[in-house]
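Next, two complexes with chain A in common: one pairs it with chain B, the other with chain C.
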Partner chain A sequence: MSRGRVALALLFAALAVFPAFAGPYALSVATLVLYFAYTGQAWNVMMGFAGQLSLGHSLYVGVGAYAAGAIFFHYGIGPWAGLWVAILLCVALGVLIGFLAFRFGISGVYFALLTIAFAEFTRIGFDHLDWVGGPGGMFLRVAQRDTWDIANFRGPPLMYYYVILALASLALLLCHFLLKSRAGYYWQAIRENEEAAQALGINTFRWKVCAVALSSAMTAVAGVFFAFYYNNLFPEQIFNISRSIEIILGPIIGGLGTLFGPILGAAVLTLLSDGITELLAALGWEIPGVKQVFYGVVLLVVVMFLPHGIWPALARRLKLDA
Partner chain B sequence: MAPELVLNVVVAGVLTGLVYGLMALGLSVIFGVVRVVNFAHGEMMTVAMYAAAALFAAFSLDPFLAVLPVAAVFFLLGYALQAGIINPFITRPEHSQFMLLVAVAIILVNALLIVFGPDARNVQVDYQLESYELGKLLIDKARVFAAGLAVVAALLLFSFFRFTLTGKAIRACADNYLGARVVGLNVKHLYALTFGLGSACVAVAGCALVLLVDVTPGLGPYYTLLAFVIVIVGGLGSMGGALLGGVLIGVSEAVAGLLIAPSAKSMFSFGLLILVLLLRPQGLLGKRA
Partner chain C sequence: MLEVRNISKSFRGLRAVRDASFAIPEGGINGLIGPNGAGKTTIFNIIAGVYAPDSGGIDFNGNPIHGLRPDQICAAGIGRTFQIVKPFAGLSVLDNVIVGALHRERSVASARAYAVSILEKLRLAPKRDLPAASLTLPDRKRLEVARALATRPRLLLLDEVMAGLRPTECDEMVEVFRSLNRSEGLTILLIEHVMRAVMALAGHIGVLHHGEVIARGTPAEVVRNPAVLECYLGEETQV
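Then we have the complex of A and B:
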């Protein structure tokens, strides 16, 4: 086994036993890190592998969350059924956006703006959709938080931690195999030089749509998790462009197109954000906005001095790049 | 619905749209020349709006006078931002530029929050309550002045690019980066100058807009998106297109607010954005690449 695999196995083992030593606060932070590791991995399929910049991934989180949430809210049917509805809806949306964009030859900045437009359009649409509560939000019933009710996906924070750990691990495995598969090589070819890929006989249109579909399906699952973990959904929050930005910060800071970048980026950013909060509280500087300014400055510095992200630089240093 | 009501709303939409157009003009000029999408554009405008509101609160300086110092400072800051931070990024991939400007946007919004707090600010001058009467039309004086200022600023910018040697040099950079360097133009300086001019546009638009709406730190992302919609609809990089797009969005939002629901008006803009992106990605007045 290579050094990289040993390190990964150790990390997984540490995360598996982590709740035994962690308090409720640490557990919630770890859940958040894994959530962003998962969504970052999903976004990375589209941008990191296939080179299609989406700035509207909150669309899939929101539609997924609202689909499974509304089915539970209105009919009392647990998320195992709602999950498939969520995935189906998000894949349909993703394929629609991808189909329209790639058919009309929209790429780069224009594609990114198109994804924002769809997310914003949907946000305002949900604001006027009374079936899911409109701007007042939708609240899922919170009951029996002590026992693990897997069928309805209700339970203590520990359950959500293990579920998101499983999701993040599965996503990592999936991406690992994808990168070494035919699809993965096609995507990377498209990312590096689309015209050359086309000249080699790759149906770039189809493979780009595939990347969007897979990415949106994975993000839909995150949306379902979000709905049942937080239990309240507001269009203004869940579809907001800042949610999309949160999703993509991790993979870009961690290392775009790498397997471990999204995980490292999510950990660094979440811990940084919480660390700044703690530090400011200790210093007594709890003025609203100070934390975000620090966060912005760190972001600026990382983007300026580590253009490929933290992971490639770190992996070289630790000889983990296998 | 009474026709004069609709007409009143349309006229107000056109006037506000001209101010939006000037804001978008800044974005369009920066993109057209530097090829960087300024994701901090709306945030820069809220900073200008706060600057005008603060100058009014401190010295009761009318925003129409405040526009000169605010625009000058914005020009210098824009120049410094491009020369210091963005120039090294012009050859980097789009997502990298995006991250950089998002970081700038986060810093700006929250710096405003620290300095001014979350409450809405505005300016109160006596002509805000007055209006011109044209038959059954009632037009707010402040709105007319704001639109006039926007048009004057846009004309100045047009003539700068059209008639001065520096303006010509900047257009040369936009048309052919390599050619501009071959003939010995200092491209980085010209890029910084362009970003400064774009920032000055935003500053003027902000000073005009603070007469029409209350400003909060959270407005920034909204205006960024609005500026995107306008320049895409008008044609990214086209100067006339930005003004036309501004008027179009100003009118359509005003009418949609009247006919459907005020909260649903942006849905209309984003729908329009999607249609234009798909059917005419170069925008209404843009040239095909």
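Then we have the complex of A and C:
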């Protein structure tokens, strides 16, 4: 077993027993880290692997959350069924965006703008959709926080922690196998040089749409988790562009296109920003926007000194190349 | 094998290719030469599916291929290199070639094995684990050829693959193409500026000037053709 695998096994074991030693606050921070590790991994499939920049991933989180949330809210049907509706809707949206963009040769920043546009007009659409509460939001029934109701995905924070840990681990495994597969080779070829990829017989349109579909499906699952973890959904918040930015900062800072970049980036950002919030609270200062300034500074420093992200440099230093 | 019939292509009123026709028999090495701006790369890109011709047609083994996408052209059995090399810079040399090999191989493992054999043929095997970005220009040109070969083409289009190579490197490359042509019956169409390579390799040459085919024949015939001497070779020999 390589050093990398041993380290990964240790990390997984540590995360598995972590709740035994953690208080409620630490558990909620760890849940958040894993949530961003998972969504970062999902976004990384599109940008890190296939080179297609999405700045509107909040679209899939939001639609996924609202789909499963509304089915539960209105019909009392649990998220295990709603999940598939969420995935189906998000894949349909992703394929639509991909189809429009790639068929008409929209790429690069223009593609990114298109993803923002879709997230924005979906937000405005949900503001006017009374069925899910409009701008007033939708609130899921919270009951019996101490028993594990797996069927309805209701339970104590510990349950959510283990579910998101499982999701993040599965996403890591999936991406690991994807990178070594035909899809991984084709996506990376498209990312590096689309024209050359096409000359080697790759149907670039089809593979790019595949990347968007997979990324949106994975992100839809994150949305379902979000709905049942937070229990309240507001279009203004969930579709906000700052939500999309939060998702992408982890993989960028951790290392685009790498397997562990999204995980490391999520950990660094969440822990440091929560640390700063804590520190300021302890000092009794209240400075609005400090989190955003912090993100800006971290991004600046990483881009300047570690343009490929923290993970590649760290892996080289620790000889962790898995 | 390849038949180009009266193709024309204009870009914003500029006639890059006018009514060009030529045929490439199976198994040969063919050259297409001409001064800068003669339309060589345009013809090349039309064959490779980057552009559709405004008029005329192209048959490959009797099937029309004009208007197909580049990936469909590749699937039909035509491989190409780029004049300005386009390596997958962030991937290793081996991974670059695996991408090509996956086109006909069923699994990544078999694609890897085939890619290694191609790299050995092109003497790139010692550099297989380096990132493509770290290669020198001659190696990048070789990588272009390796990647295209990995898709198992029956016709290989080489766009100025010798340009920028030193004479000895050029001769090495010539040897590689000769042996591919001899041992595997690969048909080759070279677009070249470097006369040394074309003269050494090609059994048949077409000369392009202002988008028109002005001469055809063996290298010996072509260099004696007054029209060719005037437009192209004359200028070079005076330098």
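The rule we apply is simple: the second predicted complex is superposed on the first by the 317 of 322 C-alpha atoms of A that agree within 3 Å, B and C clash if a C-alpha of one lies under 4 Å from a C-alpha of the other, contacts with A are read in each partner's own complex, and residues count from 1 in each chain.
Note that contacts are C-beta pairs under 8 Å (C-beta built on N, C-alpha and C of every residue); 3 or more make two chains touch, one makes a residue touch a chain.
All of these numbers come straight from a predicted model, not from anything done at the bench.
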- After lining up the shared chain so the two structures overlap, which partner does A:186 touch, if you call chain B first and chain C second: first, second, both or neither? second
- Message: After the superposition on A, what does A:55 contact: first (chain B), second (chain C), both or neither?
- Response: first
- Query: Comparing chain C with chain B, which touches more residues belonging to chain A?
  - Reply: B
- Task: Examine A:110 and indicate which partner it touches, taking first as chain B and second as chain C; both and neither are also allowed.
- Result: first
- Message: Between chain B and chain C, whom does A:242 touch in the aligned arrangement: first, second, both, or neither?
- Response: first
- Which partner does A:15 reach: the first (chain B), the second (chain C), both, or neither? neither
- Task: With the two complexes superposed on chain A, say which partner A:124 touches: chain B (first), chain C (second), both, or neither.
- Result: first
- Which of the residues in chain C come into contact with chain A in the complex? 48, 50, 69-71, 74-75, 79-80, 82, 86-91, 95, 98-100, 102-103, 108, 147-148, 150-151
- Message: Per the contact definition, I'd like the list of chain B residues that touch chain A in the complex.
- Response: 37, 85, 88, 92, 94-96, 98-100, 102-107, 109-114, 117-118, 217, 221, 225, 228-229, 232, 236, 261, 263-264, 266-267, 270-271, 273-274, 277-279, 281
- Query: Of all residues in chain A, which touch chain B in the complex?
  - Reply: 47, 53, 55, 100-101, 104-106, 108-110, 112-114, 116-118, 120-121, 124-125, 127-128, 135, 241-242, 245, 248-249, 252, 256, 287-293, 295-297, 299-300, 303-304, 307
- Item | Complex interface listing, chain A residues touching chain C | 180-182, 185-186, 188-189, 191-193, 195-204, 257
